[in-house]
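To keep things simple, chains are lettered A, B and C as they appear, and every chain counts its residues starting from 1.
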Amino acid sequence: MRWDWSLLAPEYLLAGWAALMALLGLWGRLRAYWLGYVAAAGALASAATSLIWLGDRTAFGDLLAVDHYTTFFRVTFGLIAASVCLISAGYVERFLRHHGEYYAILVVSVIGATYMAAAQELLSAYIALELLSFSLYVLASYAKMDLRSNEGGLKYMLLGAFSSALFLYGLGLIYAVTKTTHYQGIAEALAGDLGGTKGLALLGLSLIVVGLGFKVSAVPFHMWAPDAYEGAPLPVTAFISAISKAAGFALFLKLMVQAFLPLHDDWSPLLASLATVTMLLGNLVAVHQRNIKRLLAYSSIGQVGYLLAGIAALSPETANAASAVLLHLAGYVISNLAAFACVTVYYNWTGKEDIYEYRGLAERAPFVALALSISLFSLAGMPLFAGFVTKFVLFQAIAEADLLWLAAVAVFASFVSLYYYLMVMRQMYLVEPETRERLGVAWPEYGLVAVLVVAIFVVGLGPQPLFNAAQEAASLVYQGAATFAALSP
Amino acid sequence: MVAELFQQYVGVVVATVAGFVLVGAALFANRLLAPRQATRAKGLTYECGMLPIGRGRLQIHFRYYLFAILFLVFDIEAVFLFPWALSFLDVGAMAFYEMLLFIIALGFGLYYAWRKGVLQWR
Amino acid sequence: MLSLLVFLPLAGTALVAVLPRRWEGRARWIALGASLGCLGIALALFAAYDRGGPQFQFVDRHVWLSSDVAPFSVQYALGVDGLSLPLLVLTAFLTVVAVLISWEIGPRPKEYFAWLLVLESSLLGVFSSLDLVLFFLFFELELLPMYFLISIWGTGRRIYSAWKYVFFTFFGSAFMLVGILALGLEAGTFDIRALQEMGPIRQAVLPAPAIFAFLIIGFGIKLPVVPLHTWLPDAHTDAPTAVSVMLAGVLLKMGGYGILRLCISLLPEVARDASLWLGAFAGATILYGALATLMQRDLKRLIAYSSVSHMGYVLLGASALGTVGLVGASMQMFTHGLITGLLFVMVGLVYERTHTRDIGELGGLAARLPYLTVVMVFAGLASLGLPSLAGFVSEATVFLGTFPRHQALAVMGVLGVLLAAAYILWMVQRVFWGEAAPRWQSLQEKVAWWERVPTLALMTVILLVGVYPSPLMDLFEGGIIPIVERLT
């Protein structure tokens, strides 16, 4: 057992940075606008630091693993946080109070997210989950004087606490059956003869699935998401939609592969049906939305459905579906952040977030309109953009796991999703604007948007490097599990 | 195995049920036996025998909550400190640094709260 | 070389996109240059293609995405054979026509030409892809420019039509994607050449007939086949002239090409079983299209419905599953592209002068617009299959190929030609001859160079193919023979 404290350096950095942000906010010497840049620098530095362990395979005790999988997510989360900090800079200064704390909490939540990916046993995972969730509860209700923000934050917190309880209950049942909280130990115990306790194990497993389903907002546990998304300040919505999904699936994937693969035949249909409902409902309800944040909320529910389908397609034999899930997760995060960055820029100019308010944007701010179109097309899975490649690989993996019907549902759901994305584009390109007055130019945000759009194209046209990274990350998760796959009947 | 696990709880269940029954029985007996006569004085708020001042609904200043939370933080610190003190010798120097870090973190929080003006009664 | 051809228009798009606003008018020159360049490359390929050589030539192949943990790879693979090469030339040629014909497009010319070039790129990509995923990618990419082209520069209920177009196509592509995934899973590769080598499908995730049906739905919407055709009249009618030309001239061919290249070539056993069904749908398409054409009052809608009827011949020829029938089908794709392209150009030019397309309001235009009348009559005669013009060659070949296999259906096809003669001649009579309404007395015919050049070029090619079709036919035959070999 190795207790090498230096393995956790990126998180020390983040913790220190959080304290720094709080202090900077306290002293108030620095303009609030620049705080965002300082925070982004910290998140980037942490992502860069995590690359030191690239290629390493070490564990911090039995609690956390520091390997490709962790590194993949450390980098992903670091980049998410950095982007969100940059998106926030203008918004937070204008619309929110207590700037230092905002960034501090944001940075702290990355630690929670990272440990969700790194955890090797259930309790660490649970604590990490709570660290992330609590940060997000506070952030969601950060617009203190805004009733919608309070309402959304409250709903988020109550349902989040409820789902945590379910998760914890499931965890307890699993512990009761297997007498361990370590993923590998659980897999060993489950692969053995369970006797009469199998039902209990399945109950625990489904409770864990339900708990995580709440966190990633899978239908039918999604009720909090649209309200929380709509109420939360815009950059926070972007953050929740990116990091809570990414971290939730980081934990979900690892848990399913390393701990519950022996029960694969039991949970695969369950997840497949959850995925079906999530894809269909998320995308169909999105069609009716009038508010861009709610639209993106439902669209992200739809995306969760694809990812769940990918998890349902996990198989003991290959790591194909796992790497496809990671790839799609990365593609989704990039496209989604790009979309939110554009929405935030527009909100900073006008304070409007209804879809019809986007009318004629192509004439008033061509760059933002184009970038938003690109990111929405990418979310819809149009060719050339990241979304097509990642979805294609994902659907291919799903079909390969003998779930062709599920892949067909996913394709159909994508078809529906194009409709509401095109509705937004219709407003921007086809409807006459209210005034022809050009909106200003927001250079720093434009820079970020440009980087994200370029990333969308890079992933869309040359996905091999990212795919390789995802494969390596996924194969490592499997190496731990592979030995037990042989044991399972 | 699980059945055994649950068998141990039978006692708890019995005790719980018995508790509810006993308390319920006592209240019910009280209801049956005691004389009932409502007077105005009986409906008044009890304030150590004096006549009540002001109205029944009392607003507590919001600042108390902040103090309460701050107090809670140090309460938790105490909860950690006692077991730490007991196992301090076994764990060795590491324990000292860990607790130091913990207290510094708490101290940072206190400093932050102080500077934010939580400790001032305005 | 092939990559250059496919990406040259995209380069043109990039150039147009960065053009400063005050030089907006120059976008058309860039578009013209890019499309002429493409035409040059396509013709060079046409000349350089070795007719005795391997099936696929000018192959450009790179691994695009591969996995180390699963037998799964997607390639960037381009190549042409006798079937796709003429279609590439057709695409490049019609794009030049489309650019010229929209020389004075109204608002936002910069965006317009940018989208037009994206459209060309995606079409060229579809016809030259050797990998199913790449094929699908280009097939989908075409939606983007079409949506914007119809809904921004269209007329009438343009937004409704654009939506309808996007929905039908996307609906079909959803089925197609599932079919492609199933095919790829079965073979472990998406390479069309490798898939051709693969024997009959025995045990796939989906039974082979289902894969076939899924692909047919996708391509049948594009072609279009009758119950799935309703998007076409709307999209054609409301699109700007140049886009109608591209739509009728090239986009419909994606459906026919897909049926030949994927359905028949990759799943020959199923195709054999489904031959009669395909033929029946083809017959229905031909007759229904022709009858519907007779009823139209809108000039452009009339041409659109005649397109439905004519594309039925492609499916009819394909259903015969013989060398002659398949060559006829591919010839029909080529000639229909030219003829209908010309017809749509003419309708656009007439509309620009009269500002109405209602056949009842038009009449007696021949005296006022002699040049347009001549060209329109020429195109109409080509469309109804006058010998020595292109339409005759392909339709005759289709009938020759179909007759031995499905006699009744071939007769239905001939009936379609009779109806075609009826609706074309009746249309010409109503629009160009007869008493001119007083409002047309003041019409002046001024034909600009950018109107004259494409019409003359199209007429030349139609005549050329009509009197000397053998180079083209030989080329198609070279592409068809490997397919037929697999069928027998």
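For the reader, a short list of remarks on this structure follows.
Operating definition for what follows: a residue touches a chain if its C-beta (ideal position, glycine included) is under 8 Å from a C-beta of that chain, and two chains touch if they have at least 3 such contacts.
These numbers come from a predicted model, not from an experiment.
Both chain B and chain C are touched by A.
Put simply, the chain nearest the middle, going by average C-alpha positions, is A. Between the chains A-C lie more C-beta contact pairs than between any other two chains. With centres defined as mean CA coordinates, chain C is found 78 Å away from chain B. Distance between chain A and chain B, defined via averaged C-alpha coordinates, is recorded as 37 Å. Put simply, the C-alpha centre of chain A and that of chain C have 43 angstrom between them. Counting partner chains per residue, chain B has no residue touching two or more of them. By the touch criterion given at the top, residues 318-320, 323, 377, 382-384, 388-389, 392-393, 395-397, 399-400, 402, 404, 407-408, 411-412, 414-415, 418-419, 422, 426, 429-430, 463-464, 467-468, 471, 474-475 of chain A touch chain C in their complex. Those residues of chain B that touch chain A in the shared complex are 1-2, 5, 108, 112, 115-116. Per the touch definition, chain C reaches chain A in the complex via residues 64-70, 72, 74, 133, 136-138, 140-141, 143-144, 147-148, 151-152, 159, 163, 166-167, 170-171, 173-174, 177-178, 181-182, 184-185, 205-206.
Taken together, the chain A residues at the contact with chain B in this complex read 19, 22-23, 26, 176-177, 196-197, 200.
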